[in-house]
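Each of the next two complexes has subunit A plus one more chain, namely subunit B in the first and subunit C in the second.
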Partner chain A sequence: MATTYEAIATVTVGSGGAANIEFTSIPGTYTDLLIKFSIRDLRNSAGPGYLHLKFNDNTSSYSSRHLFTGSDDGNPASQARTDDYASFAINTDYSTANTFGNGELYIPNYTSSNNKSVSIDAVSETNGSFDAAVRNLTAFLWSNSAAITKITLYGDNNFKQYSTATLYGIKNS
Partner chain B sequence: MPATYEPIATTTLSSAAASVTFSSISGSYTDLVLICSPAQTTQGQGDLHFRFNSDTGSNYSFTRLTGTGSSALSSRGTNTSFINFENYGYPSDILGNSNQIVQIMNYSNTTTYKTALGRANSPETGLEASVGMWRNTAAITSITCFMNVGTLKSGSTFTLYGIKAA
Partner chain C sequence: MTQHKLVVDCSTGVVAEVELTAEEIAQREADAVAFAAQKAAEEAEAQAKAEAKASAEAKLAALGLTAEEIAALSK
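Our next item is the complex of A and B:
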């Protein structure tokens, strides 16, 4: 039987860090895409780390709703956004050493001519204040009919060495 | 290498329909994953519900954690005749704007009740992380996804995958 769940590419940030993780020339031969990531950025001040998501270098037509823990009092909260913020759950250099925020993005029907909705689950943990220990669920939307051929993950700060992400393709037949 | 993640069936609606059913599900997998990209004909009209083995009895319950975009909420239903993984993350009337991902563990065992994890995403209205339960020890052999009010829009897609343990 043909393989239906395949690794397409893995990117690991080298020494010195990187501004982003990119997957380019994504083939249109799958039905859905899945990215699993483990990311820490170089911010060195209090607060959560922010992960942004961009398709095909497009800088507009993004929106999202977030459900998260990690506000200052530790209580769950929700937020609606009209930008490309995908998650508030990557670790920063202000959080416990050697911790990376982990998560996954699921993109159904990435080649369709409809808009693209994304399901995102991510966590970051630190042995410190609530605001950098985050569990974040996101409903993310790119209102664009183009097939996704390029995915860019980037932060408010550069990603730290050893940050990594793998792109998988899933076929429905 | 043996395949451990396999597509079982996929449906793309060619016209509006009230429901989609996956039937005669083989018991040869360990877990099931259902990827739904539903849209409804009229925005805000209805919710996407799930039933197993066509059981219409009051044998289901569910608990949901919701993000509305301004508040975090929880809600639940007990002794219902369906599982509803969404409250605010209901299907949009725009194709592609919503998705729901359902994971059903150990679906073919005949000893335990069946639980499922659900994620509902509608960036226009909200999202959920939910759990649903069917109080029945039978193996799941069919799954019905249906709108409680209104219809699913043409172009909605549903794909069922099976995952095998070693």
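Our next item is the complex of A and C:
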């Protein structure tokens, strides 16, 4: 049986932290891409941290729609948002010690000349009193015809040691 | 403080720790400012909506609607 789900590369943040994680020279031999991440950033104030996404170093032509379900302000609520950033919740250094936000990004047809859609499912969690447990579903679009060869994950703060991200290639047969 | 990024070359699997260039640092700072401004605008809009909703509910209550009747209007 053909292998249709393959880990392309994994990165783990070292003791010095990292501002960005970049997957470069992504081969065009798969049908879809998937990133699974477990990330905590170095922000030290209440509320969830936010992780962002860029393709091929492009800084424009992005749009997204978010559904947040959680309680970063102490009031459980759902919120729909539109913005130019795929901003999804991750844990911060204000979260319970040694906990990491986690989630996945699914990028179908990443070599297509059509615009690229991404579905993102992420969660931040904490047992602290400030209550920044947020569930985050995002629909994201990059309006660009180029094949995706580079993916950058970046936050508003540096990523903490032991944060990880793995890029998988998915084939349809 | 020097900032670094982790660059994974997917063709080789090699992971390199690379110092951010001045241009990358500037872009990162600009992105953070833009995102913060956007988030602040969204929060202000949400706050304004919440205040308008509370005001409307208070006016409906003053007209004699019960809390259940007011809640039913938004379902």
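Quick note on the criterion: the second predicted complex is superposed on the first by the 154 of 173 C-alpha atoms of A that agree within 3 Å, B and C clash if a C-alpha of one lies under 4 Å from a C-alpha of the other, contacts with A are read in each partner's own complex, and residues count from 1 in each chain.
In this section, contacts are C-beta pairs under 8 Å (C-beta built on N, C-alpha and C of every residue); 3 or more make two chains touch, one makes a residue touch a chain.
Quick caveat: nothing in here was measured; it's all calculated off a predicted structure.
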Subunit C versus subunit B on the shared subunit A, clash or fit after superposition: fit
Subunit A-centred angle between subunit C and subunit B, computed on Cα centres after superposition, in steps of 10 °: 100
Which superposed partner A:13 touches (first subunit B, second subunit C, both, neither): second
Which superposed partner A:28 touches (first subunit B, second subunit C, both, neither): neither
First (subunit B), second (subunit C), both or neither touched by A:112: first
Smallest separation in angstrom, by C-alpha atoms, between subunit B and subunit C in the superposition: 9
Contact residues of subunit A, present in both the subunit B and the subunit C interface: 79
Residues on subunit A engaged by subunit B in the complex (per definition of touch): 1-5, 31-32, 63-68, 75-80, 106, 108-109, 112, 114-119, 121, 137-141, 143, 170-173
Subunit A residues within the subunit C interface of the complex: 8-9, 11, 13-14, 16-27, 50, 52, 59, 79, 81, 83-85, 87, 154, 156, 158, 167
Interface residues, subunit C side, partner subunit A - complex: 3-13, 15, 17, 20, 24, 27-28, 31-32, 34-36, 38-39, 42, 46
Subunit B to subunit A touching residues, read off their complex: 1, 3-7, 10, 35, 37, 65-72, 89, 94-99, 101, 119-127, 129, 155, 157, 159, 161
